[in-house]
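Right after this note come the structures.
The same chain A turns up in both complexes below, where it pairs with chain B and then with chain C.
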Partner chain A sequence: MSATVLHGEVGVSDEKQAAAKSAGRRFGALVVRLGAIAAFAAIMAYFVVFAPGFTSTFNLINVVEQSAILGVLAYGMTAVIIGGGSDVTEGGIDLSIAANMGLCAAVYATLLSMGYGDFLSVLAAIAVGMAVGALNAIAVVGLGILPLLATLAVLNVAAGMELTLTQNTVVGASSPLLGLLVSGSFLGISALAWALIVFSAIMIAVIHGTAFGLRLYAVGGHPEAARAAGLSVPFYVSFTYVLSGFCAAVASILTVSRLSASTPGSGELLLSVLAAALLGTVFSRRFVPTMGGTLLSVLFIGLLANGFQLLNVSSYWVNGVQGALILLVVAITSFARGSEGSR
Partner chain B sequence: MTNSMKGLVKALALGLAAACSLAAISGASAEDLSLKGKRIGVSAIGTDHYWDLMAFRGIQDRVKELGGEVIALDAGRKDQQQIAQLQTLIAQKPDAIIEQLGNLEVLNPWLQKIRDAGIPLFTVDTATPHAINNTTSNNYNIGAEIALQMVADMGGKGNVLVFNGFYSVPVCKIRYDQLKYVLTSFPDVKIVEPELRDVIPNTVQSAYSNVTDMLTKSPEKGSIGAVWACWDVPQIGATQAVEAAGRNEVKTYGIDGSPEVIKMVMDAKSSAGAVAAQQPYEIGKTSVDNAAKYLAGQKVPPFTFVPSVLINKVNAAEKGKPFLEAAEKAGVK
Partner chain C sequence: MSVSANDSAKVSVRGFLAKYSVLIAFAAIVIFFAIASPTFLTPANLFNVLVNNVVMLAIVALGLTIVISSGGIDLSVGVSVDMASMIFVMLLAAGYSGVVGVAGGLGAALIVGILNAILITRLNISPFLATLGVLFIGQSTQQLATSGGQPIYLTSGYAADQFNAIARTALLGIPTPVVVLIVLAVAVHLLLHRSVFGRYVQAMGAQPGVAWYSGIRVPRELSMVHVLCALLAGVTGILLSATVKSYVPLSGNAFLLDAIGATFIGTTLSHERKPSVIGTLLGVLLLAIVKNGLLLVGWNFYWQQVGIGVLVFLVLAASFGLRRAAH
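Right after this comes the complex of A and B.
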């Protein structure tokens, strides 16, 4: 009997210690998070003061335009991370998203060049994108493979299919839709910039304004609890991968419009997509990925490249800074996650 | 000597003198060129290849020599990034833009935008109607010369493995078309179908495995006579593959003149048959001179050719040396 009491007392003091420790870490995390945001703000302020032409409307619209493709892809990645949980090794991640975009772009451009109209070609690109997403879903949810490995395999499948289709060549494309995306503008804002604005509004509304979005967070944050509450975890997780495939398809159409062609090498975008989705967590108090946070970090990455160019700083620095920021954010997130102690 | 012949010689001599004095005049004006107070934007698709890096450096060095400011942009072989850089560059309104290589299909609408913004556009190795001047090697010559060298080495018959992954790059198109044109006169030289695809990145490894596979497919000696590529990085992989397979009857041909490949051609035992060596650093510099002339109100031709040299097994020791020295001077091995 006394042994049990003793044991209980030890447990309580352990909990107290843990709570104190956790509060300390939480405070530390807060400091680091605010520090990161301050660093972002400082960089922007520096650009505003020193980079000639940085704040001109024309330049800012350019940056939004340049961020559209990355943004749409990053939303897909963010959704997958929300639904699969943000544990970097075991949580949701879609490494195939950039390669999937390349495949969709190849399908879209090839069909257009074969004389099929926009309607069929767009439909086909979206179908292919979602099919690749579904393949990810089957591998992750159906076969229970780690998302990191499953989507890595699917990355190779998508990249291989793209190479088979295009023979690694540039496939030129033109169509009324592409023409509209390239030269269309409304209220002085170009079509491509509008594409990002509208897509962002939809994603933010769906993920942060609906019960569906809330459940998605529940599934990703605590799958067991979500299951106990009667949510179909496999359905939600599968949904995020298919959504990610859909985002890849939408981005592919934007990419073909911007490059007037489908070109090899889309896979290169993956690092930036991951960076955007991970950096975005800094803008959330609980270090979870949010659509708004992703949008901010996408714009930040775009502004970084833009500001460096305007300052005539070598473009080689952009990759370095981007890599350093990812490292910083991942470090902060794991630090903050330690305080939750849930995993 | 008959009178008419004398007249002909006289005319030729006069013509030659005139040509020399013209060269002297343009040489003199090159001395006076200045880019003081001018900002020149330079956009390159990538600098991971010897040629690209040297041309990119040549441009930057010459702009600084002439007292101008360079905005140098390397897109790291990413089309998206190059387009974003060009878009921002247009907003920066430099006095001129020099664009170096890339996919023409992707670039053309953006080169048009540069001109629409009233910025003079010059290109390096990129033939486009939007450029005021394109400075390059005479790729028509290069393409024909390297093809003829290959046909000669093959004794006018045999099968050729051809890398044709970059037909959308203008210079590769010209060289490939010239190869095809030369082969119309030599029906016994046949291109093996399907053609091979050279890729970026992993060019050497990929060429190595492609050629190894093809050699395995055609195991009899003499069934393949040569490997051709429109640049010389695939040639490195191809040469290594041929040598590893012990098929030394196969010779490889390429264009650009990377130091590594020139050394291979110089090596009597190597299977590298010939390489057309260009002067990328000079090409870069010359494009800047053209831009400076144009900005000074002088007339600039639509294209400028910088001489190249065909380095083959016979002349390699002599002709290859200056290229290797230039590379060493630039600190590139």
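Right after this comes the complex of A and C.
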């Protein structure tokens, strides 16, 4: 609040109409953004009051655990959108990320069940994930295929390879690492929750705390300007796709630990991942994708599902409410953008 | 001099290859499967491909062709398919006549289209996010309406049998669903490439700002685009239900990625990468023939998906990569 008052004073003291106008616009955008966040807060407040056990530490940690897989995937997607620009048809997007996770999980579980150790299996899963990411990078950067199309083709390849590898069955898996992830805990917080916390900290630090992250935004925001400034646009864009593949591999290990197996159907996560990455933009001042925003929206989606569960609302409602909220938030955001003028 | 002439000849060869990579791939694939499998080129098999793999996907892809021409996208086509299928089957199961069933089914798809149109043109939500939201809402709606995804089967009532019969009969030797596709494809082709509306749509896709300043009523035309797309998807929903005599919740989403893929494969035909009805139909045929051919050669369902992914990747790589080299 104090920040907005400050903006207002600066605008008036300059006595420049344009400045006052822009401050007014900024104020409007802030109100709208706070409105969207207030809508989130209102829903949370409702759960706190009416959902029994919602605020218990056990439950909150449970939500963080459940959000770990979606969160790690959404970070990969966010990085791709940051580096590729957020244009709908031409911008960065990785449709293959969920299928890639399925493939990595299948590789990991299959190798474990064949008797290879954790080290080799994890290494193989990460290698596969990053190889799929590299394939996306070659297609998008090297061949100039639209990301939407390139990753769509790779989605089919990855999903098909997962099916071939597992014959569409559940591959059970157990190992010391999985045991640790399932039952290990530190400071009363379980290993899966720690995985999300640590991964989030690293991603936020790399993307928002380093020159590298800043350059990534430059590349996505205005590729020509970035090129003119001497940045290697192909390198940065390629990096995001390989990072996205790495995230898929990490998520695959988390999902195998949660289910004690690799299971078919991981591709269904794609839409939730997209929703989380795009919904996160509302938490940023300029409505750009940020890692922090993505984390908040992932937790929000997790809390929403959890709150419904505690209120005994049918889980069939969750998708619909999630969809309605996306529309609400985005409508508010586009309204704010409109009042800001063209970007 | 001779060097540069040589270069330009090379460039034009590359340009030619880039432009016709889809057609070349198409021909190569047909020849390959014709040699690899004796049953591939038989009329019975081609008939089977056309009816089972092409028609429904093609009608959905026609709708997406209009939307993608306008510069947008519709991720909720699966919802339109499902809602039309659901209402159609529910009405028939409740004993209403076929006309009421079709009207109800198309009406349900129309509602999805209008919802998309309102979100995109009135609330200024980007088509990607608007239709993603509608997709989520549509999935919930179906789960709630069917207590979590129970299929609805049509017991053999009069109207149900009649529709099933229509779906399986032939008109002048051409299967009825194929006739429906041909009529719709010609209509969409005329609409998109020969009408004022089509020119507006193309203009919005190429230069949205210029379209606006040129006095095109962008919101109105864009609403029309999304309504048409949903209605076409609705036709597929009704054909689907009539063929399998049931409604299976959330089955429409299977069309989404293939239809997007087919439409964009089709764009490689045009120099400016514009979607076209002919290109889209070619894309659908390419996907269908590869699926069918791989099946005949003896690849199982899982390998088919890998094969299609690799093939689409190669076609796109050839088209985009060669064109980039030609410039």
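Note that in this section the second predicted complex is superposed on the first by the 295 of 343 C-alpha atoms of A that agree within 3 Å, B and C clash if a C-alpha of one lies under 4 Å from a C-alpha of the other, contacts with A are read in each partner's own complex, and residues count from 1 in each chain.
The rule is short, and it goes like this: contacts are C-beta pairs under 8 Å (C-beta built on N, C-alpha and C of every residue); 3 or more make two chains touch, one makes a residue touch a chain.
Predicted model, so just to flag it, every value in this text is computed and none were measured.
By the touch criterion defined above, A:274 lies against chain C but remains apart from chain B after alignment on the C-alpha atoms of chain A.
Contacts of A:56 after superposition on the shared chain: chain B is touched, whereas chain C is not.
Once chain A of one complex is fitted onto chain A of the other, the partner contacts of A:197 are absent, as it touches neither chain B nor chain C.
In the superposition on chain A, contact of A:66 is made with chain B only, not with chain C. Legend: residue contacts after superposition of the two complexes on their common chain; A:146 is shown touching chain C, with no touch to chain B.
In the superposition on chain A, A:124 makes contact with neither chain B nor chain C. Of the two partner chains placed around the shared chain by superposition, chain C is the only one that A:327 touches, whereas chain B remains out of contact.
In the superposition on chain A, contact is made by A:167 with both chain B and chain C. Considering which of chain B and chain C touches more of chain A, the answer is C. After overlaying the two complexes on the shared chain, residue contacts for A:316 are found with chain B and with chain C alike.
When both complexes are aligned on chain A by C-alpha atoms, chain A residues 167-168, 314, 316, 319 touch chain B in the first and chain C in the second.
Against chain A, the residues of chain C that register as touching in their complex are 68, 71-73, 119, 123-130, 132-141, 143-144, 148, 257, 260-261, 264, 301-310, 312-313, 316-317, 320-321, 323-324. Residues of chain A that touch chain C in their complex: 88-89, 95, 139, 142-146, 148-150, 152-161, 163-164, 167-168, 271, 274-275, 278, 314, 316-324, 326-327, 330-331, 334-335, 338. Those residues of chain B that touch chain A in the complex are listed here as 69, 71-81, 83-85, 87-89, 91-92, 103, 105-106, 108-109, 165, 167-168, 197, 199-200. Considering their complex, residues 52-53, 56, 58-59, 62, 65-66, 69, 167-170, 172, 182, 255, 258-261, 263-265, 268-269, 302, 305-306, 309-310, 312, 314-316, 319 of chain A touch chain B.
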